[in-house]
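Heads up, the next two complexes both have subunit A, just with different partners, subunit B and then subunit C.
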Partner chain A sequence: MNLRYFVERLGWAAFVLFGSTIVIFAILHVIPGDPARAMLGPEGTPEAVAKLREQLGLDDPLVHQYLLWLGRAIQGDLGRSILLSQSVASLLGERLPITLLLGLYALSFAVLIAIPVSVISATRRGTAIDYGGRFVALIGLAMPSFWLGLMLVLLFGVVLQWLPVFGYVSPRQSAVDHVRHMILPAAALGSAYAAMIMETTRNSLIEVLHQDYVRTARAGGLTETLLLYKYAMRNALIPTITVIGIQIGYLMSGALVVESVFAIPGMGRLLVNAVLSRDYPLVQGAMLVTVLVFSIANLCVDLLYAVIDPRVGKA
Partner chain B sequence: MLSTPISTASEPLLDVRGLKTWIPTRRGEVRAVDGIDLRVHAGEVIGLVGESGCGKTLAAYSVLGLLPPPARVIAGEIRFRGDDLCRRSAEERRRLRGSAMAMIFQEPLSALNPVFPIGSQVGDILRRHSTLSARQVKVRVLELLDHVGIASPGHVARAYPFQLSGGMRQRVLIAMAISCSPQLLIADEPTTALDATVQAQILDLLQRLVEQAGIAMILISHDLAVVAEMCRRVYVMYAGRIVEHSEVAAVFARPRHPYTSALLRCMPALKQDDSPLETIEGVVPALTEPEPGCRFRPRCRYAVTLCSDQDPAATELGGGRLAACHRATELGLPGTPTAVGADA
Partner chain C sequence: MLDSFFIELRRSPVLALAAALILAAIAIAVLAPVLAPKDPNLQNLRATLAPPSAGFPLGTDEYGRDLLSRMIFGMRNSLIVGAAVVLLSGLIGAVLGISAGYFGGWLDMVVMRLADIMMAFPYLVLALGLIAALGAGIPSTIVALTVAFAPIYVRIVRSKVLVVKEEAYVEAARLIGVRPRTIAVRHVLPNVAGPMLVQGALTFAFAVLAEASLSFVGLGVPPPAASFGNIIAAGRDHIIDAPWIATSSGVAIVALVLSLLILADGLRDAIDPYQHRL
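Take a look at the complex of A and B:
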């Protein structure tokens, strides 16, 4: 990987983040009427509205407000939640790691299932095993994650009683309980993701296995295992990484739903409550960290491209 | 050298008999290779010529065991060092590939893996067929790259395919093919995708390498001029069959099959006057349900009634010459007036 490519991608991520801050800041100001009144609702007394306006600095010029807000955000000060009267940063600090862990587990679950299945499907193309694997993947893709979550709860939690049905345990409290609580949510969130990764990897693997360089490797007498996992897989993973990157957004929005089903105190529930109660500082803060996570994930995907494919950023 | 009769004394290195490689399709079996006989002796360079789609490449894949499904060998023997490869397991054949027999492909641009450095790709084949240590493999890779005329082997070993020219890539592929000292090398149109100047260099390199190491080579080409320069014997293939076989000089001077004669007339390099370049009218017939009679008949200017009734068998014409034509002996087919390739 060369430095120019790295700097270019980093600059792009910074640009996206900067643009997002403008949009997120603007949310407060595109709602018709007075934001302070909108936040406080019909019960808000004129005094309370005036106080909130002053607290939010709504009487200052917009650019001034934005720069002030941005400056504070960079320093980690995202304001105070109106609903929970707590600093937004500390609220997010509690909730974000839980959602990130859930997303990470779901991603790992998806990759661990999808890659082996796609290899089996691609190498046995057109057989019953291939069709069976793809059929299961299609079901996984078609089933909404909340429905799948409920079914998993019913089977593993209620009928078999192997796993807890809801709640969250921090890994610091008990690593075993933490894992036990996260298995079903990760599976519910990850299965559609697994299906997408599987279908993409299978198709690109089939295409790659027909490439001339695979024939060259075969002509050199290389074993099918080496051929598949070294010569073909690395090329086949390029589209897979694209899908993983694009669908990170899906993973984050899916987390909101899955957190509700399994009563996990993550970002999802916090954000839903914030929106419902018009807690704008909290909404803005939550969106900002979401965008940040998304940008970092995309940056990682871009850099991963360069690691896998030497042509990226050099041609 | 040409005056010596075609060797029949020793057992051939490769002896293909009655090879049929068919491809099942919805419209029936495509008889891509339909009963060919082909012999290559140790250290000998032979040519296999014919138009695109005549089955040359599939015949080569059959020998190596590289047939892409659903193509498969349905009949015949492929004897290599006296041993019928069709009876060998996939694993046994895989062990032969890259070590005892190797192949060079037509498209050097796509034949190398884009995401691995050259050195790693050459090294993988060495590691597969030898017990060299990692260090020895590295040294051997550099030796091989140097051997195929790459000026800075260290640099090229670390480079990726996209950083090399077509000619360089073909040299790398040749290095891979000869890395484990094969006895048989199949070169499938090795220069077709290259610039004219590079073509000559690659052909020279191949000629030098096979001569030095005593490697037998099947040179697959549609270019008779290339074959004339490199080979002693040539097999002419048409629509899945061998239609003529002889020493190169004899084929050029006096072709016995109308198809060979037509091919010779199509060669721009051998044209003597300003007459427009000739083409062979018509197309290669569909190979699913061949009509009775000679497969070249629809395009043949010498065809008679017999040709549409009866499929001509390959007939021995003396001196190892074979032609599959009813009128092989009676037609005085035009060849090339001057003995081009006489020094081959």
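Take a look at the complex of A and C:
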């Protein structure tokens, strides 16, 4: 990987991140309506509203407010949550790892299912197995993750009683219980993701398998296994990585709701509760951290390209 | 293009079934007040959590409300949100995408960088931020999802415009002195209509899912108004003693979204009939 490509991608991530801080700030400050009024609800007296406005610095000029917020955010100070009267940064620090673990499990689940299925589908193109696999994938894409989660709870938790249905156990407490609690949420969150990865990988594998170099290798007498895994897969996986990268956003959106289904105390649930109670500092902080994680993930994907395909970034 | 879509329709029974289901969903939404056997918000505390029966074909919820009637109105709300989001984000996508792609320059730069920044947010996170500012409700849901989905439209339209504007007929129009705005509307727009339709069907599917997600966590369609999402949320609390509440609404969403995805696929084939079929 050359340095220039690396610096370019890093600069791009920094630009997007900076832009997103403006969007986050603008959403909650420029849209008509008084955040202090909204936070206090109908019971808020004019005096209480005025006090909160002062406390939040809402009477200062917008640019001033933005720079102050950004400056503090860079130093790791995201303000205090109104709902939980705790520092937003420490709240997010507690909750983010849980969401990241959930996302990681869902991603692993999706990849472990999608890649083998797409190889089977692509090599048996047009057969009943291919159509069956694709149809199941399409249904996976059409199912809301939270509903799939509930149906999994019904089947594995209530009817079969194999797995716990709600709650979260930290891996430090008990690794086994941690895994048992995360299986259903990861499956619920990862299914639609698996469907997207599968469709892309299958199509790109079919395309690659029709290319000249594969035909030549086959004519040269390579076994189908070697051909598939050593020669075809490497090229076929490039679009797969794109989809995995782009759809991490989908995964993060899904985590918001899946955490609510399984009562997992992650960042998604925290953000939902923050929006429900209009806890603006917490909403801003959670959005900012989400974008940060998403940007880092995208940056990693960009760099991964260059590792897999040495041509990337050379032009 | 419409002709080739009808050819696809006759060729593929799956596509025909999907199209029929979508038409049925629209009919249910439009005729909801006529079709619903009961008032969707009518509570009947003597029939709470009743399993499906002749009186309540899909059972009742914890307030004894008829689930079939609630689902019929839920379908209506889903389609209202979905259609509004598709129309609004399509309009934004067409205007900004064509302007950015056709006129280029600083306008292109600003619009595309803005789209990039919006797409740095996972779509539901952006939607949640907007709902935090606007307050929950059907109009806010529509606005939030429109903002979340419009950048994709802008990108798709723009990339298509970049191809179309190099075509000979556009160049010819330019040479004989047709005004740029006329070219954009009369020659470029019809050529991006196809990809926009495909994206419209996809956006519809994802908007229905997103609305259900938001309503599920209590930030979309506000109760007591019915939505698939908030019906399922009510069903979560009774997943053990009344599993039918969550089940039926989920099946309805899957059928609707699946049909829309298949429709998107069919439209794609109709636009590009010579495309190598994988």
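The working rule: the second predicted complex is superposed on the first by the 314 of 315 C-alpha atoms of A that agree within 3 Å, B and C clash if a C-alpha of one lies under 4 Å from a C-alpha of the other, contacts with A are read in each partner's own complex, and residues count from 1 in each chain.
Everything that follows uses one rule, which is that contacts are C-beta pairs under 8 Å (C-beta built on N, C-alpha and C of every residue); 3 or more make two chains touch, one makes a residue touch a chain.
The structure presented is a predicted model; accordingly, all values stated were derived computationally and were not measured.
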| item | value |
| --- | --- |
| First (subunit B), second (subunit C), both or neither touched by A:I264 | neither |
| If touched residues of subunit A are counted for subunit B and for subunit C, the larger one | C |
| Which superposed partner A:T216 touches (first subunit B, second subunit C, both, neither) | first |
| Touched partner set for A:R234, first subunit B, second subunit C, both or neither | first |
| Partner chain in contact with A:M252 - subunit B first, subunit C second, else both or neither | second |
| Touching partner for A:A194 - first (subunit B), second (subunit C), both, neither | neither |
| Partner chain in contact with A:V272 - subunit B first, subunit C second, else both or neither | second |
| Partner chain(s) touched by A:D309 [first = subunit B, second = subunit C, both, neither] | first |
| Touching partner for A:L17 - first (subunit B), second (subunit C), both, neither | second |
| Partner subunit C, residues of subunit A touching it in the complex | 15-17, 19-20, 22-24, 27-28, 31, 33, 35, 38, 125, 138-139, 141-147, 150-151, 153-154, 158, 202-203, 206-207, 248-254, 256-257, 260-261, 271-272, 274-276, 278, 280, 283, 287, 290-291, 294-295, 298 |
| Contacting residues of subunit B [partner subunit A, same complex] | 64, 66, 68, 94-99, 102-103, 105, 107, 110-117, 121, 124-125, 128-129, 160, 162, 173, 176-177 |
| Partner subunit A, residues of subunit C touching it in the complex | 113-114, 116-126, 128-135, 205, 209-210, 212-213, 216-219, 229, 232, 235-236, 239-240, 243, 246-247, 249-250, 253-254, 257-258, 261-262, 278 |
| Residue ranges of subunit A in contact with subunit B within the complex | 210-213, 215-223, 226, 230-231, 234-235, 308-311, 314-315 |
